[in-house]
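Some structures are shown below for you to check.
Look for chain A in each of the two complexes below; its partner is chain B in the first and chain C in the second.
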Partner chain A sequence: MKKLFLILAWRNIWRNKKRAFITISSIAASLFFVLFLRQMQFWVYDFNIKNSVAATVGYIQITDSSYVDEKIIDNTLSSNQVDVEALTKIEGVKGVYPRFLSGALVSTGIKSKYAGISGISPETDNKLLKLDIKLRKGTLINADDRAIMITENMADYYQVSVGDSLILMGQGYHGFTAAGIYPIKAILNFPVGELSSMVFMPIKEAQFMHVADNRFTHVLIDIESNNQLEEIYSEVKKVSNDSQISVRTWEEVVPGLKQGIDMDANSGLIISGILYMIVGFGIFGTIVMLHNERKFEFGVLNAIGTNRFDLLFITLTELTILTLIGIVIGNLSSLPLLYYFNQNPIKIGGDAAQAVIDQGFEPYMGTGLFLDVFTANSLAILAIATFVSLYIVIKIIRINALKSMKK
Partner chain B sequence: MKTTIKIAWRNCWRNSLRSSIVIASIALGIWSSIFLMGFSTGLVEQRIEKMVNLEIGDIQIHSTTYDVQSDILSTVQDLETTENLLSYNPNVASYSSRFKTDAFALSPHGQQGVKLLGVNPADEMKVLNLAEHLEEGTFLDSKNTYPILVGKKLAKELHLKLNSKIQLNFTDTNANQITKNFKVCGIFYVGNDAFDGFTVFAPIKTIERLTGEHLIHEIIVKTKNTDNLASIATELQSNNPNNLIENWQKRYPEIAYGVDMMDTTMYILMSIIIAALLFGIVNTLVMSILERKKELGILMAIGISTWKLRMMIVFESLVYGLVGGPLGVFLGYVTIQYFGEKGLDLSGFGEGMEAFGYDPIIYVQIDPKYYLIYTSYILLATFIGGFYPSRMATKLNPIEAIRSI
Partner chain C sequence: MKKVIETKKVNKIFGDGEIAVHALNDVSIEISEGEFTALVGPSGSGKTTLLNMIGGLDNPNSGNVILNAQDIGMLKKNEMTEFRQKNIGFVFQAYNLIPVLSAYENAEFIMLLQGISSQERKERVYKLLEEVGLKGKENNKPGELSGGQQQRVAVVRALAAKPAYILADEPTANLDSTATNDLLDLMYRLNQEENMTFVFATHDQRVIDRAKRVIYLDDGKVVKDELR
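What follows is the complex of A and B.
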């Protein structure tokens, strides 16, 4: 019996091929566009989180609890306060990176400017910061070097190159002055963001310069995927259960980025919403027409004894199949393009790039292949279709065979 | 022709529910997208207005070497002549000459690299409205010898209050380090972290006492009429070859880019919405033709011209656009007027928006030309959208069509 219903539903769809075709293509086209828009947005967020957050702020960062409010060297952690080994063992943690982050007036001659200082562990951080790719001149520093690496932007500003020296002057631990003169060993390419004006030196040397041996400002935790953030966060909290220590996710450390993302995501949501509304009206129109056309037929079927719920079942099955075909085509047709831009992200150039950077993002555009974007939008269309189907549900439940058959 | 239009109009209302659905979808689609357009325009325009009036001014003057060397020696050339030119230019409302250098700010609670601006408070206030955006204190109106005005974000980072001490370090023209304690005399709040967190103002007299020189690195200009900034800048530039004189659009192309892109974004948005609407319109028309096969067959059999038949169907399509389009545009207009007046409070997202210089209250606005453009656009689209169904109708075989149920 049920099999018969399915056959009937399937055949009903193709009774009017043109209508089926237009309805399906309206669903597919809208879904195609929405998927492209949303996959692009989420790719950009993911790319930015992966690139800027992981390397500079860390998905999760551990600091001294007073450092949160007062970023000075006095509020640093001593190396025995954090159990790096235990943190590394947490599932999903890709790496644990102690850092010594500070800032200093960097000068040579009449040129002086504030720059960040990043005390890194070359053996692990070279990989996280992808320094081998970023290297433009010179050689990367080693853990025991007493030298610095600077960015191309800084090299241009100070008119210096590998072998020249820069003077660093800042605030050290417990009121000491942190100062030193360091030769430049490498020049790196970090064109945008916080890292574009950063001096990199071995963490040991940074500690020495700030008179803060065996102390560090941050422990950055890199994780496999942002989806596991909450989970790993609570694990880290368990390991570092100390009121002196603050554990924060990147969302807390850079709320601006998080909210910028949310805001941008909302704009995409609104456009998708408008399109879905239009698609909803389209499906609704199809349903109304379908009912008008078959009113007589429904009446006859009902009169000769077809249960109204069977009728309803057949019609709803028909609509569901129609919607599903649209959804499947929408998803499948978007795949090649999404895949292409996923593999070949575009670098944005010119003024557009600067405008994007101003928004706090890196100037790259690609598309993601996030499963939840596919499912969420497919479900959204299904939900709208279900909602507008209520019209025919009511019409069929209230069917009056005699009235329906009067033409 | 009149009859054809009349018939088309009546045809539309033979199935009023179906036509209402199409018209409602057109109206709602246009209404919501106009609102979205008004919202994004408001967002961008407000941000730019704020930047120009509070941070950068209409036109900026630097020495030609400023962007290359950006050091303390890159001062504005022929200063006196330049200032005179500005004073006598009828388009210039006011200008402010500033000392500008990179400095290192230190407090017991933190450190930060900042842009130190040495200004004449009276001049500066005539160009920028910053004095109206003070959270506390005064615009450098202080009895202190070393007063300083800081942004709210910097004050928070370095734990500064009114009268807090802050140490500034910068290099003078002889490569000597100047280190001096300043006292906070005011805290401003623009709502853009990039400005509030990294800009400090001091009286230029104070700076001159420290450097011993009258150094001007930047002149910001406010014009009387902002419509033709580019030509004013070009005119000033022609009399002043040793300096670079740029309107803000040229100096900050990335900000102007947002405005330039606005039109493109609007057209893309309108096209997407209309494309989606067309599916519904065409679908409805196709259905109505399939329904009326018999009737159309009879019309053809009794000799209606192909052209008239086509026009009838195209007009039916146009009716949807003619009713739905203006309705949507009207609703959009009313909404834009309402929220343009009252503003849309988005303080829920406030922090993220303000971090990038956006206001939490958006006064939606839209270039009125878009009402006309959108209306014509949808009419054109419905007109074109009617062609496929009309072709379908004329391709019917009258005999077969009459026989169909």
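What follows is the complex of A and C.
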């Protein structure tokens, strides 16, 4: 019985081809634009989180509780406080990286300057920090080396190169002096940010120098996707259930980045909202026109015995198909472009780049293919269409055949 | 003869106070199965109002309307719709077909609502369309048919659903005289051969001439009831 209803709904769509075309294309075009905007935004956030968070502060980081307020070597963790193996087993965890971070006076004997010390595990961290790409001179350190890697900025400052040595002097565990003289094994390219004045050494050597064997300042947890952050965070909390231990997500460690992302995401949401409102009015206009045009017909149909719910079914089917066609076209037409920029992100140059950097982001632009962005925005349009359809729902529910048939 | 339509002291008043219009004033009529009746009277005399009443499309202010042995004052909105679907056939003045459906699809529409099998729908519709001279036009949309042909499809749509009676408000108003005669011939034949009951509201003398009973209305009252 419903088959003729479906036929009727389908043919009704094409009754006014121009209107159908305008409605469908306005839905498709705005969805296309919103998808591009949102997929770009989320790609940029993902990219920045991956780049600035994963390698340096970690998606999730574990420290001694006291270290959060006072970053000194006395407030480090001992290796038996953290169950690295259990953490590694958590679903979605890509890697667990103990770090030993501190600072020291770095000197050639003539020139001295304060710099950060990063004790890393070369076997895993070389990859995480993408050191093979950053390498400019020499070779990367190994776990058992008693050598350091410095940045190009530092090499310029001290006028040193691979093979030369630097003196490191700082504060060790429980009042010991942390000191050593280390040959430079590699020079790396970290032009901006915290890492631009950083001395990298094997974690074992850093612990030794600080007289802090088997201790570390941080355990960084790298995860598959930022979407799982909350989930994994609570799992990590379960494993490291100790008041002496602090577990924090990157959002707490670098709130600036989080704020920047939230602000930017909200601006995107506002733009999407405005577009959706325009689409909503467009669909509403279509519905009002459609009702005026069919009022007489609805009256006839009701008079000859079509009940209100069948009329509703026919009309809502028509509107739903119309909306879905727009949504499908919007999604499909956005795919090639989204895919292209997903595979070929571009580096932004010039003044635009500076603006992006000022916002705290790296100057790269690409687009994501996040499923939830597609579904959320498609559902948003469907919800708007449903909302404005209430107009005709009410009109049909209240139908009076005689009044509808009055010219 | 079985009574299919009965009104008892039906009053219909539109508006209230100064501007109230007493469109039907104590109208009591009875129409039996197989009648071929015309409601006539000057413009504004209440023909359409009465037809709407016995079509279950409007409710009286007082009095009873009993259609096919059912007092429709008891029915709720949805029940009323279903009652019309099962019992009453309508042919309106014009434009009462669905423009996107073919003659065939329009004709089967009510049967579809009634849940009649596709086999039976096909049989009835093809037979009736052929009878009314529309063989070969089954797939034409209303826009591709003349006014007279459209009205014949509307008659087929009403008839195919096997209603207790068919109501027609000025069915010939938009038709030329050939089309009017064809439509009248058709309804007359259906009345003679199938004993289908017809009630028209009309100004058209050609319709009045063919009627077997004429009920005259004036100012909302039945002033004459003439059997021929």
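Couple of notes before you dig in:
The rule is simple: the second predicted complex is superposed on the first by the 371 of 407 C-alpha atoms of A that agree within 3 Å, B and C clash if a C-alpha of one lies under 4 Å from a C-alpha of the other, contacts with A are read in each partner's own complex, and residues count from 1 in each chain.
Just so it is clear, a residue touches a chain if its C-beta (ideal position, glycine included) is under 8 Å from a C-beta of that chain, and two chains touch if they have at least 3 such contacts.
Bear in mind that the values here come from a model prediction, so they are computed numbers and not experimental data.
In the superposition on chain A, A:Asp310 makes contact with chain C only, while chain B stays out of contact range.
Of the two partner chains placed around the shared chain by superposition, neither chain B nor chain C is touched by A:Leu229. Using the contact criterion defined above for the overlaid structures, shared-chain residue A:Arg11 touches chain C, although it does not reach chain B. Between chain B and chain C, B touches the greater number of residues of chain A. Of the two partner chains placed around the shared chain by superposition, chain B is the only one that A:Tyr114 touches, whereas chain C remains out of contact. Touch criterion met: A:Ile274 reaches chain B, while chain C stays clear of it. Residue contacts after overlaying the shared chain place A:Leu369 against neither chain B nor chain C. In the overlay built on the shared chain, the residue A:Val192 is in contact with neither chain B nor chain C. The interface of chain A with chain B does not overlap its interface with chain C at any residue.
Every residue of chain B that touches chain A in the complex is listed here, in rising order: 15, 17-18, 21-22, 24-25, 28-29, 32-33, 36, 40, 70-73, 102-104, 106, 108-114, 157, 159, 169-175, 177, 193, 253-258, 260-261, 269, 272-273, 275-277, 279-280, 282-284, 286-287, 290-291, 349, 351-353, 355-356.
Those residues of chain A that touch chain C in the shared complex are 1, 4, 7-8, 11-12, 15, 296-297, 300-308, 310, 401-402, 405.
Residues 52, 55, 57-58, 77-78, 81-82, 84-86, 88, 90, 92, 95-96, 98-101, 105, 108-110, 112-113, 115, 157-158, 161 of chain C are the ones touching chain A in the complex. Across the complex, chain A meets chain B through its residues 16, 18-19, 22-23, 25-26, 29-30, 33, 70-72, 103-105, 107, 109-115, 157, 169-171, 197, 255-256, 258-260, 262-263, 266-267, 270-271, 273-275, 277-279, 281-282, 284-286, 288-289, 292-293, 351-355, 357-360.
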